[in-house]
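Each chain carries a letter (A, B and C) given by its place in the written order, and its residues are counted from 1.
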Amino acid sequence: MKALLAKVWANPMTFLGALLCLAIVLAAVLAPWIAPYDPADQDIISRLQPPGGAYPFGTDQFGRDILSRLLWGARISLTVSLGAIAVAVVIGGTIGMLAGYIGGTFDLLVMQVMDVLLSFPSLILGLIVVALLGPDLINLVVAIALTAIAPFARVARAPTMALKERAFVEAGRALGFSHPRILFRHILPNIMSEVMVMASLWMATAVRVEASLSFIGLGVKPPTATWGGMTRDGFENILDAPWLAILPGLAILLLVLGLNMVGDGLRDATDPRLRQE
Amino acid sequence: MTEPLLRVEGLRKHFVLKKGFPKPRTIRVRAVEDISFSIEPGQAFGLVGESGCGKSTAARALLRLIEPDAGRVLFRGEDVLTAKGQALKALRRRIQIVFQDPYSSLDPRQSIGSALTEPMRVHGIATGAEARRRAAALMEEVGLPPSALDRLPHEFSGGQRQRIGIARALTVEPELIIADEPVSALDVSVQAQVLLLLRELRQRRGLSFLFVSHDLSVVRWFCDRVAVMYLGRIVEEGPAARVLANPLHPYAQVLRDASPIPDPSRRTALPRILGEIPSAANPPPGCPFHPRCIHAMPICSQQMPAWTPAPGEKAGGVACHLVG
Amino acid sequence: MLGFVLRRLLAAIPTLLAVLTLVFVIVRVVPGDPALVILGDQATPEATAAVRERLGLDRPLLVQYFDFLGSALQGDFGNSLVTNRPILSEVRAVLPHTVDLTLASMVIGVAIGVPVGIWAALNRNGVIDVMARLLSLIGLSFPVFVSGVFLLLAFGLHWRLFPVIGSADLNDPLDRLHKLVLPAMTLGLLMAAYITRVTRSAMLQSLGEDYMRTARAKGVPRRRVVWVHGLRNAALPIVTVVGLYVGILLGNSVLTEIVFNRPGLGKIIVGALNQRDYPMLQGLLVIYCFLIVIVNLITDLLYGVIDPRVKAA
């Protein structure tokens, strides 16, 4: 484990990514204390102020402070994606483990359903689920989780199938262990690292999908600040105030990039094919 | 006559595969066709044969690690194959298995201490400090320091892991141990140590063994009785000394002659075994051994030989037209 | 080869059936009565019942299900609640725009991704490689609407090289191409980022194989080894991934179409969602999945062409 962490940190890209993520998480957590203004406070006199002066990142068409809205928006991005990935890991991981462990017709059926889920473009699936359920924080989490369940089921299934054939699973059965005990005490710890690497990579996707849905107008409802929604507002004023679209766009990019860098580093450090080198 | 410890009657396991498109062909691999034997208390019973003859499948099927298709398995009169739930769990406590591959038989993420105390907790034998104390005692019994309890499997060598596997089987205080090729994955230098340990345990604890192996010299040294398997059937059975020294079945003779014996005078006239072992998916008619048998007669390809008892008391028997 | 195609076609049938079933269920479990959507909240019960009857919503669910299956298999998805025109003809009207965009992005992605990926693999851990890795990571971290907005700002508004709004005249090839450039760049760069990564790792794996060393040892020139042996064996994972990414492309085309105000499948799906046009939604979902199943099929068939072993399996 220590060797693994050392390997992760030895890669400058991973380190940079972790710094980026840490900075954004800190900003989100500390938003109530460090945001210079209330993110919903409108100041009609100072509408569409360019960056600088009293408003370091400028103001939007209602005179709201962009910096404060960015800080608060980070909370939505992180909450929704963390929640969605947690749900997808638990549900998808369990489905995949059960399919791989039980095998046979059950496996065939379940994976067929997963394949159908995979055959919907994930953004379209998320779009429809949010639109039908109504856009709020919980439904966003549900929708994004739904798009990620099938990949996690796949990731959990393959190693479970391999582990099932190992003698220690047979030994457990011979020792009178129940199937749930074998699955959750013996197989789960052994597939955890693969699932977690996948989770870190999918965090990036979840952030992107959340932002995309907000951009389309299916995110957490205004006046709550979301990065995707801010980009959309900015896009509608792009001729007068291009920074309105550029700044939240950059924020999304940095978070997704940071998460991808960390996920890549974790994968390179755990991938057995790369480890041999 | 006393009730045997384990009685196996007509055990059968076929694996069915479907292959091909659009007309799938059904392939039936007859891994275990029909085997019967019994093990007396305190006995070490050897099951020998080439790889692929179904001996490991048989060992797993009678523990129901693989569900057999037919047959009866009685452990001290209790039916293993119909047992469910708690009854099955109780039976499994009394029969344990030691696996061939010491590298895959231990959970790589579980410390040795946890691996040894978990079965005790599951069966309500001991918990907490008491379980820990028992685990330490077991480690000493198999010749490893109790301080190793906090380590993970990858810190041990193959031989050490096999000792841990044996200790784990002992945690539930079984009466019968199924040893599935317990030393064949180990270095030759380590094999003897592990075999000595097994024999020591057998004497000290009064354990019975079903010893599955392809290595006749190991079986000769360890077992009291032995059964020779070929293509899912037992072709000869009897006291180890008789079957391995003076076998009646031509296949058992070939096995004996192929096994290295420190006696150069006997190596000169090795009868050659003909061809390859046939596939269990497509066994020959009649006696399964006839295509490779140097004594094959016309009847051998038509009729399954009947089981013929060997002369003498408890001398076992053989399935061969030459003898019948 | 024919048997292979048939087998793959047959294997796609259960998937399609499952997709149709799932779509039917999704649209049915959603709260809200389509009849009320058409008539508004003030509708009388009689009027609602009449509309329900016209839409066939008063029949037993199972009848509706088989009716839906039957017509869907014939390509009939009913009429839009909003425009009252057949869904298939609505889709057909915008499909060329979507196909243009998808194909163009794919071409850009492959044209940039494959050579850069190979170049990076050949310069493993060199400057080129590190740059390619960093850039591709940035590329795939860009949400499409962000890169779209950035490209639009730079090339559309600042330098005014390309039009910012893109409802092209399908009969004017030049106009069609001109308006395609920015949207296709947006998606193409994303594809290029993905394809660079896959090509790089597939090439690295293939370059490390024994047969590559054998070929070099035999004295085959390096260039030939790389392009003939290396690329041929790296082609399989690349094709797989390109096929998989068509789904990502179709999903992301929604965003591109919004940013560049282009007509297309994504645009009508958002419209159908906003207007609760359920038959339209149902039809679109099926068409999306159908497209993806077809692409998967083509990918599978390409496997057979690239790797003769696949056909035999």
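Before moving on, here are some points about what is shown:
One rule holds for everything that comes next: a residue touches a chain if its C-beta (ideal position, glycine included) is under 8 Å from a C-beta of that chain, and two chains touch if they have at least 3 such contacts.
Everything numeric here is computed off the predicted structure, so don't read it as measured data.
Among the chains, the centre nearest to the mean of all shown protein C-alpha atoms is found for A. The greatest centre-to-centre gap from subunit C, using C-alpha centroids, is found for B. The pair with more inter-chain C-beta contacts, choosing from A-B and A-C, is A-C. Averaged C-alpha coordinates give centres for subunit B and subunit C that are 56 Å from one another. Remark: subunit A and subunit B have CA centroids separated by 51 Å (rounded to whole angstrom). Rounded to whole angstrom units, the spacing between the C-alpha centres of subunit A and subunit C is 22.
The touching residues of subunit A, counted against subunit B in their complex, run 166-168, 170-177, 181, 185-186, 189-190. Interface residues of subunit C facing subunit A in the complex, by the touch rule stated above, are 14-15, 18-19, 22, 26, 30-31, 133-134, 137-138, 140-146, 149-150, 152-153, 157, 205, 247-248, 250-252, 254-255, 258-259, 266, 269-270, 273-274, 281, 285, 288-289, 292-293, 296. Residues 13, 112-113, 115-116, 118-124, 127-128, 131-132, 204, 208, 211-212, 215-216, 228, 231-232, 234-235, 238-239, 242, 245-246, 249-250, 252-253, 256-257, 260-261, 264, 273 of subunit A touch subunit C in their complex.
Listing the residues of subunit B that touch subunit A in their complex gives 60, 63, 65, 88-90, 92-93, 95-97, 99-101, 104-110, 118-119, 122-123, 165, 168, 171-172.
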